[in-house]
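Here's the structure, in structure tokens; my notes come after.
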Amino acid sequence: MSRTTDARRHHDPEVRGFASDNYAGAHPEILAALAVANGGHQVSYGDDEYTEHLRRIMHSHFGQHAEVFPVFNGTGANVVALQALTDRWGAVICAESSHINVDECGAPERVGGLKLLTVPTPDGKLTPELIDRQAYGWEDEHRAMPQVVSITQNTELGTVYTPAEIRAICEHAHERGMKVHLDGARIANAAASLDVPMRAFTNAVGVDVLSYGGTKNGMLFGEAVVVLNPDAVRAMKHIRKLSMQLASKMRFVSVQLEALLAGDLWLRNARHSNAMAQRLAEGVRSVDGVRILHPVEANAVFARLPHEVSRRLQRRFRFYFWDEKAGDVRWMCAFDTTEDDVDAFVQALKEEMAA
Amino acid sequence: MSRTTDARRHHDPEVRGFASDNYAGAHPEILAALAVANGGHQVSYGDDEYTEHLRRIMHSHFGQHAEVFPVFNGTGANVVALQALTDRWGAVICAESSHINVDECGAPERVGGLKLLTVPTPDGKLTPELIDRQAYGWEDEHRAMPQVVSITQNTELGTVYTPAEIRAICEHAHERGMKVHLDGARIANAAASLDVPMRAFTNAVGVDVLSYGGTKNGMLFGEAVVVLNPDAVRAMKHIRKLSMQLASKMRFVSVQLEALLAGDLWLRNARHSNAMAQRLAEGVRSVDGVRILHPVEANAVFARLPHEVSRRLQRRFRFYFWDEKAGDVRWMCAFDTTEDDVDAFVQALKEEMAA
Amino acid sequence: MSRTTDARRHHDPEVRGFASDNYAGAHPEILAALAVANGGHQVSYGDDEYTEHLRRIMHSHFGQHAEVFPVFNGTGANVVALQALTDRWGAVICAESSHINVDECGAPERVGGLKLLTVPTPDGKLTPELIDRQAYGWEDEHRAMPQVVSITQNTELGTVYTPAEIRAICEHAHERGMKVHLDGARIANAAASLDVPMRAFTNAVGVDVLSYGGTKNGMLFGEAVVVLNPDAVRAMKHIRKLSMQLASKMRFVSVQLEALLAGDLWLRNARHSNAMAQRLAEGVRSVDGVRILHPVEANAVFARLPHEVSRRLQRRFRFYFWDEKAGDVRWMCAFDTTEDDVDAFVQALKEEMAA
Amino acid sequence: MSRTTDARRHHDPEVRGFASDNYAGAHPEILAALAVANGGHQVSYGDDEYTEHLRRIMHSHFGQHAEVFPVFNGTGANVVALQALTDRWGAVICAESSHINVDECGAPERVGGLKLLTVPTPDGKLTPELIDRQAYGWEDEHRAMPQVVSITQNTELGTVYTPAEIRAICEHAHERGMKVHLDGARIANAAASLDVPMRAFTNAVGVDVLSYGGTKNGMLFGEAVVVLNPDAVRAMKHIRKLSMQLASKMRFVSVQLEALLAGDLWLRNARHSNAMAQRLAEGVRSVDGVRILHPVEANAVFARLPHEVSRRLQRRFRFYFWDEKAGDVRWMCAFDTTEDDVDAFVQALKEEMAA
């Protein structure tokens, strides 16, 4: 058969930008994994061999008690996890800038009926003190009951919690009867940044449930809810299903996670995108008039520069404003960002600043 | 790089059964399409070239007004579509045996707040008369307001509506101010069975919105909400997002749909699985003591046979009971079911019946 | 102060019909109770003396473990109770004709995300056998998990469960891990009909939570969720509040319930309306061509008669069709229905049948 | 009949405090109105003569286009109104201190699936500038779509918007395609404070829908959703019913509203409680070491004083801390607060400050 597919290429595979790590495609090893899992029949909805094998892989990363529930996307992982950790009357304390608060079209509220109790933060990171602004009133029926603290690692602002910081949050939450959820959409970048195993800032320090991010780490699609404290949840499979996050041919989600996590692909991809962000930050720091806004600890660089410069630069490279009024922008590196990409971008930035 | 992936094969790709068309993997042309779309950066969340191209392909199947919204899975497609067609006070008339009623863990109720008004049917098919058992009381605030009729084509029982039957339902519904949703999880099989274009039993006869099924037709994952009557809906993108069905790397959903629908892969796969079901039905009819329960019009065969025979047969081939008490079973054929698979199964059935 | 209120009388207090027991006003003893509780300040939201006293009264009816949560209306009582008895993934088995299924505009689904698993019944009453049509699949994540059986006593069709029948249902449900909810919108009528204390068919036989109906029994408004099995629920106050059923000046709900239940007003009212229904049934049976449809066991009479007769009769007395196509009507008696009302109605029925 | 009710008095009607205006009972004219509406049969669920008459009364206050939908309580009124003004994908901009955000146990999120977009304010009042912190991103499917601005008049902090301030908010909102909801739990106090008709700061300046507060103004219970702009909503009756806020014997809600609004009871009660708050504020200002926190414009006084003084004072008069850590307290006056109550309280405050 000479024809392999009726689908045609519609894009230039050499064009990359700094808009988002989900503008990247899939890592070739991920595509190769799909072929490995293909062929023959496998039980659907998660009773397949690949999902079974994934359980063992997750144990090697997160310990023998970890339970893994592959889902489609990050919003799904977060809302499944948060529903599992809350009762009908529960609320979730989170940073005002958290993805669950600002970037999910109200899915936590609409799908889960969840009340989010938000706290402004300087850098996307909660602390016990910040949590206390919302952590009260458990007996007061007029108040949605705080039952979960949700943090993002690394944060939406590119900052990374230390294991000690997360431990302090977990202890604080647990002492007050609350559970801790970690949105790990970029968990691999955080591990690479801290140079520790992922368990060092999750189950080792008290996180109860995490959203494991695969998409931004090189998968086509796919995340997983990883339950680190099985006593904290019930009926996970039902919650995943009623949240419309149950894949029928789940082997194709699980095998992608296997390709990431059986070896070191997860870490290679994360280290690379982090390194590209460091290279980018270094280049940007050499440009007068551009200010880097947050510590560059993962694969994101936030900067402030003249609005019209950003506008001109956007004609050459894709990226987003973070706060258009303030002139703040976000530049993201991905697993496929090259040194040449970064250097060309810095050069363009210099040119536009000088123009 | 000699190593292509850390993922390892955990299953025997030569084993197939009759449990479900979603036990099958992905068609090789689908895998090939993923590689076509890979590489470089593409705008995420649906503003990519592949999703744009998919729009044109959908126009060729469903006319110039069709709008396509790729989603992850069938439950997601159905609940997005039904939310789009209803107000907060709306209800959905459907067959008691419909997937939305019995197989989605209450997702329509929980995610969409939807009331389902169900009607028992002999063969999974609604009619104007059956619809009328629930189509009343629009002015009565005590009753959830019937706003949508939802039908499944082909039905969960393997039967297929004729275009005239769907036209009658649509006219009946529209005259009463209701819209029509078609759950097309197996729409390709229906088209193959009727030997008409898909539009002949959808927009040509009045269907407003359909759930387009790709997974059971050979994709890894992926379905789409196709809006045939744009006046019937608003804010589809928001509804998809809040329903947690928005893929970030959407090019990989869209290019799979392109691989299916740009040429005739959708039809080849459907015709093949239908033909295998016919072959199976023919074989089964030759076995004394086994009764086929519904007209075999697509890729499913429902049969009644002694319970202990089914139990023994299940040790040799995977399949499910449909109604275990009654002894009813469902045998599904997939795009990758072979003639040898069917013949071996019929032979096994004969042996177990004789045992 | 000569003026006592700016409100004016807009209706004829001598006109009564057979439309519904909630067409009646409030019993004078209820109005008198409001004045008793008025004046001074009382803690709002249920920490008042009247609600405290109501607890003791409820203990005298339902035992020392009963917990009472006054709410505004019957829909509220039912949906609060059912939410308390279910997890996010739970479903409720109920009769197709139950109020929660047909008469609450989908509030259980919309407010509670509850899936109702309905069963057709001949007379509004569930049985273990009927329950089994929906009681299965607890392990199957594709199915909303049956966690509660909800019955109505007396039923929406005017029939009354015996204590033994309810005991059988409770045992059946409990053996399968399900709880039992009793919608007691007309619980007083049932007790009067059976001539037993209310506990005889509730906590004595295993009911976990009941909706206590006050409105149809002579209150202005007000019902209560009564928890008979405290181990079956948590956070009732939060559930009541988030369901918008928490009255700020709760003393005025509680004192009405006290007026009903401290003495025998609840029973007097129920016995009277039941007796009027018996008188009505007796009268109706004497009219040729009118058929009584269900056993008249409480305060409702269901009958079938020629449609045009009903239409003429409705010009003289208010009542509703139950199934207009079939010619079925419902005649309800209330605490204030008089013997003369009944006799006049029977006379009118005779005249219209003869016309 | 010598016995008028089995209910007994359990409280001292001479004890009043400053905890909340809903600690007060019902005004005697309200109780008298209930008796006026009692007796005979009236159509239930709002088709009675009293609700019909209430419509005309509301027209006299809010103009010929106003539509009134009586409900049970304030949370109910707010959530019904907000659901009516939003689509499934809609969000509501409100002050961080608003009742809908902090005092309803997440009912807007849970019952309505509503996302609240909150803004911190110095005094409980929104402005166009403050609204703009959340008013953006209508086209962005990742963001819950801002469709309503909700303000409270008077605010939860006892401050009162001028008509011009509300006009500015309405114009700002309408220009951006948003509607305006006014939570009028204490609307009468605001009108009394401003000394203008209620319409002057509602429909005259562009408010689309308001929650009319009766309970805190002297009713036993009962509020109403008043639709000032009928084009802004649909299916109000269905929304009220599915929100479990439909009273069966609605005449008893409507006649209370009639008693308030047919004459000037609403205004007398409001003026009185406002005057008591002024008297209280005056008294407090004379006490060294106690600081009044917000302008006293309605019936609330917020003050800061030493924590231990408040604790001692609470043993003599009921009131609540507003922010216990900061030492902030709230003192509310009601329609039944007397000058002697205020003077005794100020005297007690002086004593405890001196102690």
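The letters A, B, C and D name the chains in turn, as written, and every chain counts its residues from 1.
Note that contacts are C-beta pairs under 8 Å (C-beta built on N, C-alpha and C of every residue); 3 or more make two chains touch, one makes a residue touch a chain.
Small disclaimer: the values here were computed from a predicted structure and weren't measured.
Between chain B and chain D, the least number of touching-chain steps is 1. Across the assembly, the mean Cα position most removed from that of chain D is the one of B. The distance from the centre of chain A to the centre of chain C, each centre being the mean of the chain's C-alpha atoms, comes to 50 Å. Centre to centre, using the average C-alpha position, chain B and chain C are separated by 42 Å. Per-chain CA centroids place chain A at a distance of 31 Å from chain B.
Multi-chain contact residues of chain A (touching two or more other chains) are listed as 88-89, 104-106, 110, 113, 141-142, 144, 238, 241-242, 246.
Touching chain D in their complex are the following residues of chain C: 3-17, 19-20, 22-26, 28-44, 48-50, 52-53, 72-76, 79, 104-107, 110-111, 215-216, 220-221, 238, 241-249, 251-253, 255-256, 258-259, 262-263, 265, 318, 334, 336. Those residues of chain B lying in contact with chain C across their complex are 88-89, 91, 102-106, 109-110, 113-115, 118, 141-144.
Residues of chain D touching chain B in their complex: 45, 83, 87-89, 112-113, 141-142, 144-145, 234-235, 237-242, 246.
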